[in-house]
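The structure under discussion is supplied below as structure tokens; questions concerning it will follow.
Just so it is clear, A, B, C, D, E and F label the chains in written order, and each chain counts residues from 1 on its own.
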Amino acid sequence: MPILQVELLKGRTVEQKREMVKKVTDAITETLDCPKEAVSIIIREMELENFAKAGVLKADSK
Amino acid sequence: MPILQVELLKGRTVEQKREMVKKVTDAITETLDCPKEAVSIIIREMELENFAKAGVLKADSK
Amino acid sequence: MPILQVELLKGRTVEQKREMVKKVTDAITETLDCPKEAVSIIIREMELENFAKAGVLKADSK
Amino acid sequence: MPILQVELLKGRTVEQKREMVKKVTDAITETLDCPKEAVSIIIREMELENFAKAGVLKADSK
Amino acid sequence: MPILQVELLKGRTVEQKREMVKKVTDAITETLDCPKEAVSIIIREMELENFAKAGVLKADSK
Amino acid sequence: MPILQVELLKGRTVEQKREMVKKVTDAITETLDCPKEAVSIIIREMELENFAKAGVLKADSK
């Protein structure tokens, strides 16, 4: 039942997401002792104007 | 003050969401002993390429 | 694959949670056209000092 | 390491978000005794049909 | 309806949380043009073994 | 800036969490093309009475 939420800035390809969920799921099952089928991953993509670090929007700091 | 976050794959109609929030709110107020006004529901819709089960993107498993 | 996160103030009994997840799951399956097995619910309980409305901690407004 | 997630109805300008993350970050660093660089803010915007209060979609209650 | 979730490492006092929710709520209402009553804040506190940066648990990096 | 939230049932050791965040961070950096320092992981542990699948609490289905 591990459920993961992954927040990312926009711009990754489907191929990158495909590899990511495969490898992250492997990392979870190897270390937490649970079957692959139990792992769910939600990906959320953010626009650059929807993430801030140190009080500055990513859209302004690039 | 119950606050619910509901993650869904894309594709539901407004009519389905309307019915869902009505019935889920009823279920919460009946069982948790709180007024209807206290219940907030956030719906988040995911693209098929943004959800994975068992290490495989939904976009690939359909 | 609906995944729900339910934020509650502390104090509900296991019996209340049992009824809640049963009824909320029914509400989801009836309105969103998905099997019961696809519905996951995460419950998170908050101390009164960890929730605020209108800038005031619940611990101070009771 | 404070990480904030801010859920909003759609419609704010970039200028409003810019001011918001600046002032919220200041409020966090002043009260929680942590450096500005440690504060991350995720903004999530909702369509009116994706938020409900008291069992009614915002899209229907406006 | 802004709803904020604030993730923190454990160790803040109630007094610090009280000041934080007050100032963060002010920052939100001033910049997003919404009444104080509309702002909810959820605080979640993490043990040092439940947060990691750069692949290392906070419990190990202190 | 990938930020991950990992929801788990209670019961893992610190050693398991240490291995998990190390391997998950590697999986993220390898596939999403970002430095290790940019990856944050929040772990949230649930009691068996705070997770439900198919309308049944985990505390009741074991």
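The working rule: a residue touches a chain if its C-beta (ideal position, glycine included) is under 8 Å from a C-beta of that chain, and two chains touch if they have at least 3 such contacts.
Protein names from UniProt, one per chain: A, B, C, D, E, F = Tautomerase.
Because the structure is a prediction, the values reported are computed rather than measured.
Note on connectivity: the fewest steps through touching chains from chain C to chain D is 2.
Note on C-F: its contact pairs, compared by residue number with those of B-E, B-D or A-C, agree for more than half at B-D.
Rotation relating chain C to chain F, from a C-alpha superposition: 120°, rounded in steps of 5. Between D-F and B-C, more C-beta contact pairs are found at B-C.
Under half of the residue numbers at the chain B-chain D interface are used by both copies of the sequence.
Averaged C-alpha coordinates put the centre of chain A at 21 Å from the centre of chain E.
Separating the CA-averaged centres of chain A and chain F is a span of 12 Å. Counting partners per residue, chain D has 1, 3, 7, 24, 26, 40, 42, 44, 51, 53 as the residues that reach two or more other chains.
Of all possible chain pairs, those that touch are A-B, A-C, A-D, A-F, B-C, B-D, B-E, C-E, C-F, D-E, D-F, E-F. In the complex of the two chains, the chain B residues touching chain D come out as 14, 17-18, 21-22, 24-26, 36-37, 39-45. Of all residues in chain E, those touching chain D in their complex are 1-9, 12, 16, 19-20, 23-24, 26-28, 30-33, 51, 53, 58. Residues of chain E touching chain B in their complex: 1, 3, 40, 42.
Residues 7, 44, 46, 49-57, 59-60 of chain A are the ones that touch chain D when the two sit in their complex.
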